[in-house]
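Report on the structure given below.
Letters A, B, C and D mark the chains in the order given here, with residues in each chain numbered from 1 onward.
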């Protein structure tokens, strides 16, 4: 939680490094960020799944999932897709520029509960950003989990995020990584097709497994259908929801999905909670 | 705490005796009545059933600076501490509304701006003798003379006001009153009681609200929402004038190199309220927004804080340009199978 | 004069046509001197229709207000007509929307209701404060008749009618597929006295007047949302990038908002008075808009919404437009 | 108004005529008051009336929109639309309380360097008479 007395006032942070994950008009840029104030750095503790309000003085603030696991080090990582006013301004920043960060907000993936289980992440496009901290966390504590399967797809190979990290994952035999793109491209020798159909090909067993899926709503709808076909139980399926947010801690009232606030009761939800909330997949 | 009787001709002296505080009271601002700082006691208007803009504008101003900054450096300066104040002439329903909103602004994380004002500003209520045609406070647990959320309750007799301190903040105020008022006799108390009873009988807008929070989830796809929202203009009147509405937007404003991040009232009835930067809108039409507004007040807020976020002040009925009437909606919810 | 029973019969026939999706009229409101827009989908719903001095809403705004959601795959878009009851001033809004191609002629079916003036809510509520449940009203000779809980009263029309009706020159609809009643006499005349009186003062006095009004605006945007001519998909006031008008409610931004709104109605405002009626803080918005309608009439001899063949004022020009102030 | 008040004037100059005329005035070393902040636009028809209101909000004491003479417009009709638009805008802002001298419009062609000098002179004098613009200026004092 924000440590200083006024929850609206953010910490200042410096961009240590930044690089483009994808190209094109809705490109994704990743920022590696260090909080300036040492005390703030020390007190900051986030879990995979939590998000933070990243801002630029004079422009505005937006909520982004923290796409790094606490096990990776004393920095924060945000992968930002170029979309609106704040993201366009963020995309113009270079290493050394100052931004503001406040948070961490929201609940996190219950990784403690999932100890001893097999973790299945199903991501689509920028949907891999909230899943990446799970992959890193499980990798760092592989002995406590029964392995990890990663299914990740995007429209084209250029749209795949974190490409540099897949090679290292496939080296370890407890971690399997399945990649797919919508249409065949030359020089691409992995799967071709949509993520939900790849899920059926991989045909993971629901036995002692947790499935986490993030991505465009249309993909989530079909992935959930297929997971039910693979008779995954509702409580075994998790996802994160995304809504417009302004405060981040339940005051400004806009991020509600039915009676749940995405910033307080989410962004991580189990399908068991979401399935009887009609507005969840609006 | 003893009760005082203040002659109406001594009212100006009473205001003067509150000189130490920043005083707010209903006055004409532009063409309508709202709470504003008192500069001239003669301008205070207590006759109207209720102000157009509720007293929430004192505790939660329409536009409020969160912090200022200068472009180029990263210091952020929240505004200085506010001063002690008194807001006078608050109707019991609005005072109750403020207590309901307190729930949210102190839920898990304290909102420093709002709660500081709530601590520093005393609330002097004015019991309703003449409820307006759209008041339905009795149906949502309110009362024309309720003392919830008030530090001192005033009741208007024909030539005097009865002042009844309720909290120690109210007690402190009544010491200032003692100089200009005398102790009230039992006759006055009975008179006030009679006026309160008459006011209760005058409220003819009634609706059964128990059972509504439990019934609303089942009516998610009911035609009620489409029929109600068909005539809705999607403007912000019902939310901006609602004393329990608390939603806000945060924006940056820069002039030259000086900037500020400020928050301002926002409305769930506006399209942009939930519009994602990608263009996706989880609540694309006025049907979803109308459904969300009613569900927030009569279902979601009840699930979280166990109180209906509506005090029956009737402003959303009186000021809706197309006469969308929340009492009618609640009646239809109650009668829906 | 419009006979309400005949109007209901027309409405029942119209809504039964299979090329009409819905019919929009007025019904009795839920309290006092209120009426409410009434959406008729089935013939029996037409029974609640009324036409009386309480019917102040300009229903033409609904032609462009409904959100245009993408049609789900495999479904045909619903091209049936929307039938609309219009008074004289409302019909000008339909004409102007047609001139600007905001709507297409084949999508709307206009039922004209000659009008003898609608009440001003604030005047009536001040004159008869003890209103209770719904009050019905009707037109008298030069009066308006109200059936109050305490009995029938009659008031001279000058005391209760809206300002726009006192200066109304178009009580009879200018465009109608079906006439719901025969024409009524034109009794209003318009010398723009309210505007001339404001023009007479000096700039400092004028600013004091408008500053007090604009600083009281709470930016609820009901004046914009009710206006039949304000139908932009993405209003400039809601854009953040660049944010021309900030969302903070202070004199500067409120003035910029009101000037932007008034100017976007230059040569388009049909003086239906809805913006002034709905303003919750009673800002005299017609006094602002009518300045431009007066200038447009005097300088360009143009009255929006009166001639379906006309071209929008600001989308056309004449080489000999007079502009003596240009250096 | 006090002598030392120097008005801050925002000028929207159409690229083809007025901007070229102003450029000509500059290259021929004509002296004229330096109060203008010039914004080059492709046509006077491009200037949105909200620009004028926004300029006054942000601290301009006067605004000038200058374009090609009627008939010379590079885009044939840009200045005709601008003429109608700003005839109405001028009436509206003066009706709300802006002093008449603040908003001006002019036709200056590419060869009229001398006329440009006179136009600027007149605009600055009028703005000085009207004094600092305070009506709906954004003031960060009461933030």
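Definition applied: a contact is a pair of C-beta atoms (placed from the backbone, for glycine too) under 8 Å apart; a residue touches a chain by one contact, two chains touch by 3 or more.
Note that the structure is predicted; figures quoted are calculated from it, not measured.
Set side by side, the interfaces C-D and A-C show unequal numbers of C-beta pairs in contact, with more at C-D.
Taking the mean of the C-alpha atoms as each chain's centre, chain C and chain D sit 36 Å apart.
Once the centre of each chain is set as its mean CA position, chain A and chain D turn out to be 51 Å apart.
With centres set at the average Cα position, the gap from chain B to chain D is 46 Å. Touching two or more other chains at once are residues 138 of chain D.
Touching of two or more other chains is recorded for residues 60, 84-85 of chain A. Within chain B, the positions touching two or more other chains are listed as 249, 251, 262. Pairwise chain contacts in this structure: A-B, A-C, B-C, B-D, C-D. By the touch rule above, chain C contacts chain D in their complex via residues 195, 198-199, 203-204, 206-211, 214, 236, 244-245, 250-253, 255-256, 259-260, 262-263, 266-267, 288, 291-292, 295-296, 299-300, 313-314, 317-319, 321, 323, 325-327.
On chain B, the positions that touch chain C within their shared complex are 29-32, 34, 52-53, 62-63, 133-134, 204-205, 227, 230-231, 233-237, 240-241, 249, 251, 253, 262, 264-265, 267, 270-272, 284-286, 317, 319, 321-325, 327-328. Considering their complex, residues 29-32, 34-39, 57, 61-62, 65, 67, 69, 131-133, 212-213, 215-222, 224-226, 238, 240, 243, 246-250, 274, 277-278, 280-284 of chain C touch chain B. Per the touch definition, chain A reaches chain B in the complex via residues 1-2, 5-10, 12, 36, 55, 57-62, 83-85, 87, 98, 100, 217, 242-244, 246-247, 249-254, 256-259, 264, 278-279, 282.
In the complex of the two chains, the chain B residues touching chain A come out as 66-67, 69, 71, 74, 76, 78, 104-105, 107-113, 220-221, 246-252, 254, 259, 261, 263, 266, 268, 273-278, 280, 282-283, 288, 292, 295-296, 299-300, 303-304.
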